[in-house]
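Next up, some structures in structure tokens.
The same subunit A turns up in both complexes below, where it pairs with subunit B and then with subunit C.
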Partner chain A sequence: MNALTVLNPQDQFKAPTPDELFNLPPIIPGVDWFTKPVLLALLSAVIVIGFFWAAFASPKIVPRGVQNAAEVGYMFVRDQVARPFLGKDADRWMGLLLSLFFLVFAWNIMGVIPFAQFPVASHIAFPAVLAISIYVLKVYLGVRHQGPIGYFKNMMFPPGLPKPIYILLSPIEFLSNLIIAPFTHAVRLFANMFAGHMLLAFFSMVGFWFLFEHLTPLGAPIGVIGVVMTIIFTAFEMFIQFLQAFLFAMLASMYIGGSLHAEH
Partner chain B sequence: MTTAATLLASEEGANPLIPHTYELVVGIFAFAVVFFVVGRMLVPRIQKTLAERTDAIEGGIKRAEEAQAEAQALQQQYRDQLAEARQDAARLREEAREQAAQIKAELREEAQAEARRLIEAAHAQIEADRQQAFTQLRAEIGRLSTDLAGRIVGEALEDEARRRRTVDRFLDELESSSAQAVR
Partner chain C sequence: MSEQERRPEDDGQDFASAAWSIPSYLLAGMAIYGGGGWLLDRWLDTSAFFPIGIVLGIVLSVYLVYRKYGR
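Entry: the complex of A and B
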């Protein structure tokens, strides 16, 4: 990094580095833990709670106002996330899946909210705790519903395959289910948010640098491209933020469903 | 590559794949609070409401179906009653017609009987009158013919017995000839 800064004179455009973008100082000097992602993570939790409290605190049979909006969200999670994997158990797990989806979605959407503009899930700690919680729940439910031996047997030795296949299949299944799955669960969300934030920051800095900080006839068109790309990628990023929240909740639902009932 | 990455991490003090401890704590805390309030308190409420709504809608549909079935039963009942009433009316009309025909026939029968009776009475009367007239005529004719005969013969037919015989014979002849003439 030092080498790069040496090469770059002051009047040359410098792309934002991950360090600048993601290693944020404490908001209050001295209180090390209280950084922007921490603030936004807590704010998102408050917003999600506030939204659902306003909607479902005293729900009406004929919905009005915010209850309508929240019910659309509830129906979405129930019909697209819970029911395909949990079937008739869906209602029991709706509390978890609804909280999971909306908290992750709020964390993600902070990336495009003006002034917040930081996707909380781009710090791996946040997806990681959720993925670990789901992982613990998955293993616990699997052992409880299929028995300690049955769980691993169902996972590693799905019936109906030629015997030699198991030599290859069993270690792969073990690895993918118990080691890779929680890791990818967390990293998929983290990496998407991380990359998305990098892209947005890059294009908006291009626009800001070439149109405001260092306006030149040659640089201006590049700045315009930067602004246009920022707008396009903001829309795209909103879609990705929604999609990743959906995927995160859907995978959680899938893991829970797989532990409740042996897949084969 | 590895050295570059470690160098980067050590220099910047932030490998994005290494989670901050305080963020782990905040993350799990935020999720726990959201799960407790939204997942544990609010979701059961909306689930209850949704179940109630389903019940209400199903109840409404059921009630509507019941009302419809009732209306149909009522309509069927009215239709049956109407058909019955029509049948009754038709039957009554038929009966009335039959009765009328019967009464007419009876009356005609009576009238005919009356007429016959009258004609018979008239016939009897006529017969009696004729008989009476015939008897009267017979005596008259007898008297007249004896008178006439006496006047023509010039001799009185004093002898009563003889006169009667003569008259009777004459009358018998007359009768037989008149009977032939009547026929």
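Entry: the complex of A and C
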């Protein structure tokens, strides 16, 4: 560290490190578990509950205001997430999928909301808990709807292959469905949010440093680039945050659908 | 909504599940056969089975995806 500080004097730009950005101190000193991501996760849950409570507590036949917005969200999840994979079972699973989509979306969008500015899912524990829950549900539903032997048989021995090849392919199916799928489910969301937060933090640090902390004639254009890139990437991040929430719910729906009906 | 609005979207479903399963199958194939090759290499004190295993895993995964989702 000492050698670094000698080479890196006070008036040089330092990019934010993951440790600074993600290893946040507790909000109340002494209560170690209560950090900013935890607060934002709880806040997101309250916001999602409040939003749908306000929308559907006393629903009108002709929707207005909040109910209108919530219905658009519901229709989106039903038509794009639930129905393509669940078909006629879609309505039974809407409660889970709708909550999942809006909770993850609220978590993600916290990354660009001023003062919050931290995507909750960039701590892997949060998406991991959701992915593990979906995984347990997937295996439970599969065993229940296809039988304990039938589920593993349908999963590991897809019909229509020459018999000897099963020895080679069944391990791939097993590993892919039961170990790698839940892992990628969580990591996809986590990695996107982590990288997005790093990018935004980097570009806003560039803008802040070169325009406010250390204004020089040569540095100013770099600062302007930093500010412009921050704005562009904020818009891009909002798209990614929406897309990842959609993908997370879509994969959950896909896993549930795959457990309800054996692949044909 | 009504029944007729629920168009058969089986093509979209197949496409989506194929698209989202491929990386997972490729990883699984590489992990299983690459891992097996690595163990063989350790056991026999060679260095050829690990790359062979990885390539074999990819080939088998691609074959599996092709047979499951391809026509």
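Assume the second predicted complex is superposed on the first by the 258 of 264 C-alpha atoms of A that agree within 3 Å, B and C clash if a C-alpha of one lies under 4 Å from a C-alpha of the other, contacts with A are read in each partner's own complex, and residues count from 1 in each chain.
What we mean here is this: a contact is a pair of C-beta atoms (placed from the backbone, for glycine too) under 8 Å apart; a residue touches a chain by one contact, two chains touch by 3 or more.
In this text, all values refer to a predicted model and were calculated from it rather than measured experimentally.
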{"item": "Partner chain in contact with A:Asp32 - subunit B first, subunit C second, else both or neither", "value": "first"}
{"item": "Partner chain in contact with A:Phe22 - subunit B first, subunit C second, else both or neither", "value": "first"}
{"item": "Touched subunit A residues, subunit B compared with subunit C", "value": "B"}
{"item": "First (subunit B), second (subunit C), both or neither touched by A:Phe85", "value": "second"}
{"item": "Touching partner for A:Tyr140 - first (subunit B), second (subunit C), both, neither", "value": "neither"}
{"item": "Partner chain in contact with A:Glu173 - subunit B first, subunit C second, else both or neither", "value": "second"}
{"item": "Intersection of subunit A interface sets (partners subunit B, subunit C)", "value": "none"}
{"item": "Touching residues on subunit C, where the partner in the complex is subunit A", "value": "6, 9, 12-13, 16-17, 20-21, 23-25, 27-29, 31-32, 57, 60-61, 63-64, 67-68"}
{"item": "Subunit A residues within the subunit C interface of the complex", "value": "83-85, 87-88, 158, 160-161, 165, 168-169, 171-177, 179-181, 184, 250-251, 254, 257-258, 263"}
{"item": "Subunit B residues touching subunit A - in the complex, by the definition given at the top", "value": "8, 11-14, 16-24, 26-28, 30-31, 33-35, 37-40, 42-50, 52-53, 56"}
{"item": "Sites on subunit A touched by subunit B in the complex", "value": "1-2, 17-19, 22-23, 32-33, 37-38, 41-42, 44-45, 48-49, 52-53, 55-61, 70-71, 74, 91, 94-96, 98-100, 102-103, 122-126, 128-130, 133, 187, 190, 194"}
